[in-house]
Amino acid sequence: MKLHEYQSKRLFAQHGIPVPQGEVAETPEQAREIAARLGGPVVVKAQVLVGGRGKAGGVKLARTPDEAEARAKEILGMTIKGLPVKKVLVDPAADIREELYLGAVLDRAARRVAVMASAAGGVDIEEVAATTPEKIVTVRVDPLVGLADYQARELAYGIGLHDKGRVRSFVHIARALYEAFVASDASLAEINPLAVVGDGQLVALDGKIVLDDNALFRHPELADMRDEAEEAEAERQARVNGLSYVELNGTIGCMVNGAGLAMATMDVIKLFGGEPANFLDIGGGARAEKVAAAMRIILSDPHVKAVLINIFGGITRGDEVARGIVQALEEVRPSVPFVARIVGTNAEQAREILQAADMVTASTLAEAAQKAVELANR
Amino acid sequence: MSILVGNDTRLVVQGMTGREGGFHTQQMLAYGTQVVAGVTPGRGGEVAFGVPVFNTVREAVRETGANTSVIFVPAAFAADAILEAADAGVRLVVAITEGIPVLDMVRVKKFVDERGVLLVGPNCPGLLTPGEAKVGIIPGTIATSGPVGMVSRSGTLTYEVAYELTRRGIGQSTIVGIGGDPIPGMNFIDVLRRFQEDPQTEIIVLIGEIGGTDEEQAAEFIRDHVTKPVYAFIAGRTAPPGKRMGHAGAIISGGEGTAENKIRALEAVGVKVASHPAEVAELIERDIG
Amino acid sequence: MKLHEYQSKRLFAQHGIPVPQGEVAETPEQAREIAARLGGPVVVKAQVLVGGRGKAGGVKLARTPDEAEARAKEILGMTIKGLPVKKVLVDPAADIREELYLGAVLDRAARRVAVMASAAGGVDIEEVAATTPEKIVTVRVDPLVGLADYQARELAYGIGLHDKGRVRSFVHIARALYEAFVASDASLAEINPLAVVGDGQLVALDGKIVLDDNALFRHPELADMRDEAEEAEAERQARVNGLSYVELNGTIGCMVNGAGLAMATMDVIKLFGGEPANFLDIGGGARAEKVAAAMRIILSDPHVKAVLINIFGGITRGDEVARGIVQALEEVRPSVPFVARIVGTNAEQAREILQAADMVTASTLAEAAQKAVELANR
Amino acid sequence: MSILVGNDTRLVVQGMTGREGGFHTQQMLAYGTQVVAGVTPGRGGEVAFGVPVFNTVREAVRETGANTSVIFVPAAFAADAILEAADAGVRLVVAITEGIPVLDMVRVKKFVDERGVLLVGPNCPGLLTPGEAKVGIIPGTIATSGPVGMVSRSGTLTYEVAYELTRRGIGQSTIVGIGGDPIPGMNFIDVLRRFQEDPQTEIIVLIGEIGGTDEEQAAEFIRDHVTKPVYAFIAGRTAPPGKRMGHAGAIISGGEGTAENKIRALEAVGVKVASHPAEVAELIERDIG
């Protein structure tokens, strides 16, 4: 789960990281009031959960409250990468002298949290990593001791800081960032830029936190930060129904049990010239109501021209799954064609049940995919 | 022969009296696995499915000589359950539970490694040595004993490939589901090393997916240490970057973890990579036929 | 540094351990008020930093506020093992059904924190450990993960708890105790008894915490809990002057540089028939003011009949140390005889300086001890 | 020959520009120790006592090939300094600093052990290999090269014993002060093992004190693994229970850690225990005379 910039910065502030004293506005009038209260020039920043909002015109400077209102009006009317802007953050404009990068991320290969810093902040850090990796300094955190001061100093000196006070601030911020990361069960927490401003202080001008969905159960206050307005309706439905769903751009809806098999199903559709409309894992078992919810979610995508059901009957017997599907079909009554392929335990009976319900069936995934592609292209 | 689980496995089931744990305990018993103990705090002294239940794993190990544990407890308590098993003296812990917070696993992985305990999973289907032992939830019906060692990050996709092999009369030595989490216990390399050393295993099947760099590291290991033929399938060629594909570990991020990279790395070291799941069995049948 | 019972229990309560809702009184009137406020019978407990106060009559039951006042008056007039009672804790009397023991302590051999539990609580746990060690269950905490739930359960089942709710409470309390231990940098934290009371709940009826003096610098709020009234004046002076000092029962004061050498000096005094009056390590170097402070502390003990100074001149040259001693002697002008023995670098010059100041000198520790014993016995 | 430090020691001094660090750096240089680097955060690039100063130990190791570190930084920062040294690739860390919180040492000890780095101290005088290298604060004047390996929990008491040996013409191979804290890095056993293996060392002197059970464990080790003659002195026969005798580790508590226990354990395995410090040298002189 991603947090908004303003949410991330609040969380950073709770752990003692200096952030600008801005506030969030949902209307241009509120933006004006905040700008008036702050005094001086401000930055109006779209709060959307996608990257590249700067290039899209979602971040603008305003010299006066009037200007802040005007800029907020423009930005609140925008749609960035398909997401309408519902909130803006109004921050005091900073006198930026240098832009650093500081981030904590799970390093899967090292099985550790990695903390990274760079003097080349303010830009996309993945680009820095790809083009000039030597500009990024990384330390890996031993969970026994957490991020140690010496590691934070290695980062500070490694990116060329030398002023004693600045090194001390940086060490403090790096430790606070790691603490925020651990305390919130994040998988990513970054400050970009960590700016050196006019008076020489370090300030987190922008922040990004991605939380580990699996750990939300122990952070109800963070789970409450979820911005449902930013979530596509289908994704919300999937989440509520305990389904894994990712919308894609194709025309063939997929319903599969198991994440690996669901990806493989998408791949095979593509292999036979089709385009999958989604990833959807219904998980173990296949009770009718779950199948029905999955069907509704798939069919809510208007681009879907055909649906492929691919089920491996393992512990759950294939015939039971088939009956669940038939029951769900009766409930949902879809208008696009379905192709079903059930393999494994009692697959033959399953096939008979599905055929009796006038469903197109297939015995191999390849055959099923070919049939679905054919039906979708009609 | 087999790896990790077999006739000498003496299994303790953590969470045996729960819904999932109970169901699969019966399945494992039916398969012939030696389930010697269950653990559910507060239920010590009871007997379920003919198996004695204990309050702690330490007690279960002491009383029954259990050497392997399988974990079905809910995600919120699963990390603690793994620690308990690792500290109680079993040699292998198999964690079926999905949804353990990844920072818990950073500590858990270090903890089990320090004690020399093997961990498979979490978020995995477990292991199956056909005809000997089933530890986890892999359906026994899909497999038959034979020369193919299988290791996989996925569940049903693995069943599919195994089933196709079995249908063609090609059996398996051991099927190991290492699970779909970002920080798994044993990884591909840990399992490949054991298949390379296992006399029964003549052919190895590796089933990977997007996310992380484990397949790339496996390719290097295969180049340097594996002499047996390796076949692979990698799921997720069509997965978009930045989206989690069901498994917590199945995500392409920062340009890392694409199926293309993994397929390229494996093919470069002589692994035959199938373009769809059923093709794995087809390729093997053709080569050994 | 030891904490009082009431301080320990407050600290436990901060970490979520159930404790009685008592309060501290410094006068019998306050004790009456507290008893009246609590209602029902109360226990009046002397707050002194020594063990065995129960046997000494420092813990008494009172049925009414009047009785509480009377009991408090008795106890506040007592001296227990040389320490006057300045405060009493007035706790509601508990309906005790069972008494458990729960403690966390540094296990030096294991280099871990050990958490121990016993069903034989309420009595001296060291006695239980000595006579029936099988009644104590111990787990050792891996600092990587802290006290894990499974370990707390092993303790609970290990001491025979089986009621589900009670096991859950015990696990909660054990974790809280470990957290309190770590958060306060304790070297000992124990609850004895952890009582099962009438309604079946677990309550920490008595508590004891010993803090790591070396960690007090990072816990100013705990350092402030020091009860200077409970500290002998000489010990307070030593602490303030950065000296290690322990009062003993003999007649020969000792001033030594280095803890090991100071103990050896005591031992040699004993070996030659004397009794050391104290342990005192003046640490590295030997500046005159530190030596003077040490002299004053030693001489504040009226039993001291002679003083033995034993200095190994290492990095600090012996002649410099001798000059520091002479300067301090001029300041303090002691009335008892001093024997000085300086060995190591420039020991000869040191001896000449001390002899010129009319001090008795010796070249070996044995000789010095013999002379001091002789002088003390005059 | 010698153990732990010698002619091949390349030393980095952490906290070199502080008062204590500076003074003892000069002493160590004067003794002939190869002090190759100093570390003080924020002073990187300077030169002190002719030695280059770096901001981090990692940089110091990379630039100078330092293989040993000695730590003079204040107690509040010393645990971090040990971690830094252990992580930077030196093989031996000597922590002179007194007053490190003991719970910090629980983690630090595990951290250094995991990396296979040796730690001497904290709260110790360091090591001296007469004529070769001095790492710490042991005065060079008290020692001369010879056959006696010394290991001790104390500072000046050790100097006293070494001085007495030297005065009688009996030299030392290496003097190791393991320090007076409850959780030391290397303990008696770690050092005894090295003395037993060291060809120069013919006689071993162990100087213990009250507190803990390290001397008792050392006695067991001596019984099983040490063939060279061992002499000992144990300080604190007259120390009362429950009182900390200066050193954080010198305390009798719970009936554990008495001098009597330790002396009994050592004598039982053939160690000659002196009744006062000077007697150690007397006993040795008599035996080898």
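Per-chain numbering from 1; labels A, B, C and D assigned in written order.
Following the convention adopted for this analysis, a contact is a pair of C-beta atoms (placed from the backbone, for glycine too) under 8 Å apart; a residue touches a chain by one contact, two chains touch by 3 or more.
Treat the numbers as computed from the prediction; the structure is a model and nothing was measured.
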Quiz item: Does A-D or C-D have more contacting C-beta pairs?
Solution: C-D
Exercise. Calculate how many whole Å lie between the centre of chain A and the centre of chain D, each centre taken as the average of the chain's C-alpha atoms.
Key: 54
Self-check item: Length of the line joining the C-alpha centres of chain C and chain D, rounded to whole Å
Solution: 28
Quiz item: So how far apart, in whole Å, are chain A and chain C when each is placed at the average of its C-alpha atoms?
Solution: 55
Self-check item: Distance from chain D to chain B - Cα centre to Cα centre, in angstrom
Solution: 48
Exercise. Give me the residues of chain D that touch two or more other chains.
Key: 107, 110, 114
Exercise. Two or more other chains in contact with one residue: find those residues in chain A.
Key: 143-144
Quiz item: Looking only at which chains touch which, which shape fits best: line, ring, star, complete or other?
Solution: other
Quiz item: Who touches whom among the chains?
Solution: A-B, A-C, A-D, B-C, C-D
Quiz prompt | Touch list for chain A against partner chain C, complex | solution = 143-144
Quiz item: Okay, in this complex, where on chain A does chain D touch?
Solution: 142, 144-145, 148-151, 153-154, 157, 162, 164, 167
Quiz item: Okay, in this complex, where on chain C does chain D touch?
Solution: 106, 108-109, 111-113, 126, 129-130, 143-144, 182, 185, 187, 212-215, 217-218, 244, 246, 248, 256-264, 266-271, 276, 279, 281, 312, 314-315, 343-345, 364-366
Quiz prompt | chain C contact footprint on chain B (complex, rising order) | solution = 41-42, 44, 55-59, 77, 80-81, 83-84, 87, 107, 110-111, 114
Quiz prompt | chain B - residues contacting chain A, complex | solution = 23-24, 27, 75-76, 99-107, 109-110, 137-139, 141-142, 152-160, 163, 180, 182-183, 207, 209-214, 217, 233, 235-240, 243-250, 254-255, 259, 275-278
